[in-house]
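Paired with chain B in one complex and with chain C in the other, chain A is shared by the two complexes that follow.
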Partner chain A sequence: MTILNISRRGLLGGAAAAGALAALPIPAFAQQARRGGRLVVAADSEPRNLNPAIVASNGVFFVSSKVVEPLAEATFDGLEGRLATAWEGSADGLSVTFTLREGVNWHDGRPFTSADVAFSALEVWKKLQNLGRVVFKDLEAVDTPDDHTAIFRFARPTPFQLIRNALPALTAVVPRHLYEGTDIAANPANTAPIGTGPFRFAEHKAGEYYRLTRNEAYWGKGVPYLDEIIYRVLPDRAAAAGAIEADEIQLAAFSAVPLADLDRISKVPGVEVVTTGYEALTYQLVVEINHRRKELADLNVRRAIARAIDKDFVVKTIFLGYAVAATGPVPKNDAQFYTADVPQYAFDLAKANALLDEAGYARGANGKRFALKLLPAPYFNETRQFGDYLRQALAEVGIDATIVNNDAAAHQKAVYTDHDFDIAVAPPVFRGDPAISTTILVQSGIPDGVPFSNQGGYANAEIDAVIEKAAGTLDETARIGLYHDFQKLVATDLPLINVAEWGFTTVKRSSVKNVANNPRWAVSNWADVWLDA
Partner chain B sequence: MNRALSLLRRRLLTSLPVFLIVIVGSFLLLEAAPGDAVDAYLVSVGGDAGLAAQLRHEWGLDRSAWARFLTFATALVHGDLGWSVAFARPIRDVILERLPNTLLLMGAATALSFGLGSLLGIVAGARPGSICDRVLSVASLAIYAVPGFWLGLVLIVVFSIELRWLPLGGIETIASSRSGLDRGLDIARHLVLPVAALGFIYLALYLRVMRAGMAEVWRMDFVLALRARGLPQSRIVIAHVARNALLPLVTLLGLQSASMLGGSVVIESVFAVPGIGRLAHEAVAARDVPLLLGIILSSAILVIVVNFLVDIVYAALDPRVGASEERA
Partner chain C sequence: MTRRLFSTPEGIAGTAILALLALAALAAPMLFPRDPLSIAGPSLLPPFHDPAHILGTDRLGRDVLAGLFHGARVSLAVGIAAAAAALFVGAVVGTIAGFAGGFVDEALMRVAEAFQIVPGFLLTLAFVSIAGPSLPVVVAAIALGAWTGPARVARAEVLSIRERDHVAASRVVGMHPLEIALREVMPNALPPVMALSSVIVAGAVLTEAALSFLGLGDPNRVTWGAMIAEGRAVLRSAPYLSIIPGIALVVAVVGVYLFGEGVVEASASRRRYQ
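Our next item is the complex of A and B:
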């Protein structure tokens, strides 16, 4: 896979630019990978727990995925083995057999065996991991007939498809000999992880950097190429752009360089903007709705709000073209589950106004129908900016929205625990399978306080039934069909409104090679990344 | 020296009520802020309701505010700042690791703004109303009006990106294993821009107070007398006018130490300096109440010590003050 180097101008240029790109000879493997060198990348946060088996989040993976490996990693055409070399599900959905890689050692020299996998699955993923607590809830036992076979046994039929889709993000394996018999959540290896990956964790200087060094004993042939990876903590986003221009860092992933700076920085000699490599890390821009409000419990009102939002304007103006308009709860770039065959709500103010009139909310003397409290999530510039846009868009149809700005902790409590909102702007992540973190956004019966879940009081028996059925459907075509139904039902009843989908951008020096060569690149192991002298 | 120490001890003791007010006040303010440390943590990781409840229990957040405050206060009396949930480390270590960077940054910035500010103030105040005076006054006011983070970014663009003379952030070259003088020089190079950004903002204040003070002194009779005695102009400016105008400047120095701590929050973020200003910001974002209280406490001690030092200098400059302190 080659790196497509798309400047913003190139993107907007459309067909002409695509033609020009196609005409260029692409010297993908022309250069010989060079060994050695230190890669310095920007980090904007320092997670308190670096154990990816406990905290399955991109902020943790960004650093720890180079140290601690999952059973398999995503590629553009499926999966590629890491600690497992083969995986097979039984017909009854009650077991999955993993063949594990031989000749792998932990960074402390002890051999990696099936016992490590069994321990990680039962004691860590199932009990402690934010996502694993859902996906592995029915995992009953892991049999280890020999050192290189692990058989997962489930209490209820569990779709093999779901387990496969969960492998890259949910199955980081940690060493049993360091964790067993200890308080796993407080283990020192959570802040200085020991894994099997191509890089060893060397040190963390709080507020300054993380340092990883090459694992000379890595199982991969001839890799890693880099001697060291340094994650330099740059809390100010403007500073990340400057640091890459000054060549103090060579790479900034996860849009650490703000969108507004991309056009300028793509023109700096020696600096490239890469927009691929995040295909399996799609973020969704969503309007969350509190269905406890009587106005919002009315489907006509929700449809009117959907019609009041100009998705193309949002993509062009807020995301500067680095996003696509959404149609439903599964993003367009998901090859397995996405369907376009769902009700659409084109931008149409006249229709939106008519729907609101029909719902019985006529404009008052001041031109306003009713007032709403709007809480944009503070995590991204784009979610805040969309909050501002949404307020204006709603004003156009006579809904008077007041923006309440909170910091992350306050937003978390207001929306997901106290339900003190009418509409909110959220950026949930699609993780390759709707069952991992998408269905939870609309499912009913979720306790208060669960972040990034349905806390809007929405309950739809039909949607719940489809989710429940898909959770136990083993046939893959049938399961995909159920998720098509799910998308249709959500787009019809609008428990929430999907506005746009975006991946991140990477800004790098031209000297960094093999960037964006898989759909989870920023959180993959970087064994094949190398630096041109 | 012994007298100075006993004075300091007395000063800290009389400041106890201040500490108490600061701690209780900050604690109440943070209690009033919506969301707790678990909410802040869940934002970055997600997780189900069971996880939230489990974490609240582990981190002791399921107890009442009063119980938590009591635990913190009891530990504090024993000299223990407690445990930071955001960093999963003892608070004392977290703060002590970063305090030197902030002290270095603030100390250098204070020296710059005080030194250069008073010097330029003397230049401006030597002949109030002259062209030189007007240019300096307007220029310093312009810099004073500039937000600190913006000045920092401009310095980065010019000196780090365009000219590439200086590193654009951090406290030292990362993972370079330097030591001794080499390391000191490396740190100094990294501090040039943040010190300039922080120092220049406050420079205007010293310049203007110095200038205004001197303009005042020029009108006094004793200056006329000195002139009549035929003293050279330079001697009058430095030894008499400037010296008399210096006293309010020293007062300002003590007051500014507190506001410079505030300014360092911004500058430390822009320049990625791992100091306690940035730490305070992180503590608030993570709702790590004990950590923030620890930071506020150390800042309060810092400000009190600085003001104590200022008083000593003051006494040296003006013997009348020293005498009154002794009597008190």
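Our next item is the complex of A and C:
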């Protein structure tokens, strides 16, 4: 992070006399960051619980990552300290030592100490957080020898690589003095968070907006630049495009502007389309399979379905090119773990039909082999459209799929609790390490009701063994090797079918600067974002 | 009656439009034998550019004209089925209430009022989101919001008919009250109830479209409402995807209204000549 070191008075003076500012010599290599201004952005969902330590999801991070900070944030070449300045794992994998930042205060004025980290880790991440429950399951104790050191102690060897990869998304630190001794899940600070971040939470008007204001006492020097961030609730995607054209909002992240509109809106003067800044937030388009159906328990049928899907069509027509075809359970843009050396299933209808014949499911008199219930996830336009496409693709090979549309809550219940589906379309997120949210999609023995996990009744002892082994492998090369095996096994046995991977797009007014300067930009703290006059 | 129907301009126009729609609905499987939801060509082809897809294609490359024809089937089927169900339920409930009187009348009419104070569309929406979107459920849901009108009209008619001589005569010869209600009273009360049919069909077609637009239609069938909703995402770059099914919807509803007007005119003039 490059923070320009400018005195506040000088900047305010400059802003007051903007005309004079233009005459000042400005360094040619970078534009001078301007302090002040209100940034209005579109919010397409409106989470009530804004505590990122409990709900680690992008919808929550989008607002709360500006208020509540993690120990470290991702950059394009590794990690950068936030509340921790250094981290070191022991050789036996049983402990990780964090050196914490000094001189940091909570928004209510109390000092931030290692006790806050210990409390957050043991009471919140490990016990309550959707992702932390997996990664921190062996966390036994957090020692706090002084106010600025926290030593995580694990019951079983835990790979330091995994902990490092988990830092940006899983380690939001909440204030102990507000949560201790209360019902954490029902604490009022969950809806009006108090953190250490560059912005304070000011208010939430249901159905209208969230408002964040500048934290004058932020530990970062000279930042944040913005006075205020307003999240205007705009659930209608067409409205977001119109609002940005009219300059009512300055930024719409997470593809709030429909893909089909990007080409047109990129030509509007003063509006820019940014496709970077989501590298560490890769969404995967996946066909989930219920292996309890005897037809789908047959590997030949699953391979036939994989061959019936034209991934190029999906990328070009549904995602309009803003996606890439997937090869396996780890996305291509992950530099650490991805391997291309896995079995591939090219689009081939003749082969798909032959595989189904071979499996013993000949076409009946009406040209159909068997019927399936297809549940497309309702979260994105693209998942719904892919559901429409998949129904047609399956019809081409004689499988009669019936689409069942549900709202988000009913969809999660049907798929992950009641198992009332044959195939489903899901958009899981890859979070920088397969152990965080990817292996859970195929691992056996997961209780009913855990969302975005293997609820298709799939059990493969070989895959389970590799996942188990990797979870305790400390050597990073060996661990990566195991995940290469994992990718091969998944691509061979197809417990689910990976179709495509996509990042999102941001549409912004040209006046918004320092956008997409890290791989989790939309869910990072925006301290260095500024508005050109 | 038929001759009189064709003597009014409303009757002629309405009948012509409805005949065309019915023809389109019946001919759809012959003209477009493939599933109208199948991907037939390149995506977002504008209208009148490719003779294979006269009205163009949508976001996934589905033929708009095929969707329009097959959509007519669903719209008309839902409209007629929902209206038939609403008229049947309404006529029976209204007749029983009016004929029985007393406590039964009070009870049935309070039930009808309970349905009337909830906006019909809200009732339909709630029913579909609980029972799950499929064609029979949509028909039932629309009927649920529309049966009260016919019930009230039928009751009012029955109240006057039940005092007539032929009803009293039936009583005297010892007919069962239910038989009197259904065979002697209801047939005479029906004509004014039937006059409501065009209003109900038109309303049902619109309600079905609105449900599909909100994503609560049957996703395995093409409907005009769903086509409009699909096109909304690309409204700025391909407005024809919403406009074309929108026009179809307007034409269908206007057709049904005109036909209804024509029928009312015709029956009114018949009464005048009597």
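Note that the second predicted complex is superposed on the first by the 504 of 533 C-alpha atoms of A that agree within 3 Å, B and C clash if a C-alpha of one lies under 4 Å from a C-alpha of the other, contacts with A are read in each partner's own complex, and residues count from 1 in each chain.
Keep in mind that, in the parts below, a residue touches a chain if its C-beta (ideal position, glycine included) is under 8 Å from a C-beta of that chain, and two chains touch if they have at least 3 such contacts.
Quantities reported herein were computed from a predicted structural model and do not represent experimental measurements.
**Q** Looking at A:Leu178, would you say it contacts chain B, chain C, both, or neither? Reply first, second, both or neither.
**A** In the superposition, A:Leu178 contacts neither chain B nor chain C.
**Q** In the overlay, answer first, second, both or neither for which of chain B and chain C A:Ala150 touches.
**A** Neither: A:Ala150 stays clear of chain B and chain C.
**Q** Who does A:Ala166 touch here: chain B (first), chain C (second), both, or neither?
**A** A:Ala166: touches no partner chain.
**Q** Regarding the shared-chain residue A:Pro451, is it in contact with chain B (first), chain C (second), both, or neither?
**A** In the superposition, A:Pro451 touches chain B alone.
**Q** Tell me the contact category for A:Ile318 with respect to chain B and chain C: first, second, both or neither.
**A** After superposition on chain A, A:Ile318 lies in contact with chain C alone.
**Q** Considering only the touch criterion stated at the top, classify A:Ala516 as touching first (chain B), second (chain C), both, or neither.
**A** neither
**Q** Can you tell me whether chain B or chain C touches more residues on chain A?
**A** Between chain B and chain C, B touches the greater number of residues in chain A.
**Q** Of the two partner chains, chain B (first) and chain C (second), which one does A:Ala409 touch, if any: first, second, both, or neither?
**A** Only chain B is touched by A:Ala409; chain C is not.
**Q** After lining up the shared chain so the two structures overlap, which partner does A:Val529 touch, if you call chain B first and chain C second: first, second, both or neither?
**A** Neither: A:Val529 stays clear of chain B and chain C.
**Q** Which partner does A:Asp388 reach: the first (chain B), the second (chain C), both, or neither?
**A** A:Asp388 sits against chain C, while chain B stays out of touch.
**Q** Which residues would you name on chain A as touching chain B in one complex and chain C in the other?
**A** The answer is residues 238, 407 of chain A.
**Q** Mind pulling up the chain A residues that touch chain B in the complex?
**A** 40, 45, 47-49, 55-57, 59-60, 130-131, 133-134, 185-186, 190-191, 203, 205-209, 211, 228, 230, 232-236, 238-239, 242-243, 245-246, 248, 379, 406-414, 417-418, 437, 446-452
**Q** Considering the complex alone, what residue numbers of chain A touch chain C?
**A** It is residues 237-238, 241, 258, 260-261, 263-264, 317-318, 378, 381, 385, 387-389, 391-392, 395, 402-405, 407 of chain A that touch chain C.
**Q** Quick check: in the complex, which residue numbers of chain B touch chain A?
**A** Touch list, chain B to chain A: 33-37, 39-53, 58, 85-88, 94, 97-98, 149, 153, 156-157, 160-161, 164, 167-171, 174-175, 269-272, 274-275, 278-279, 284-287.
**Q** Given the complex with chain A, which residues does chain C contribute to the contact?
**A** Interface residues on chain C, with respect to chain A: 35, 37-39, 43, 59-61, 129, 132-133, 215-216, 219-220, 232-238.
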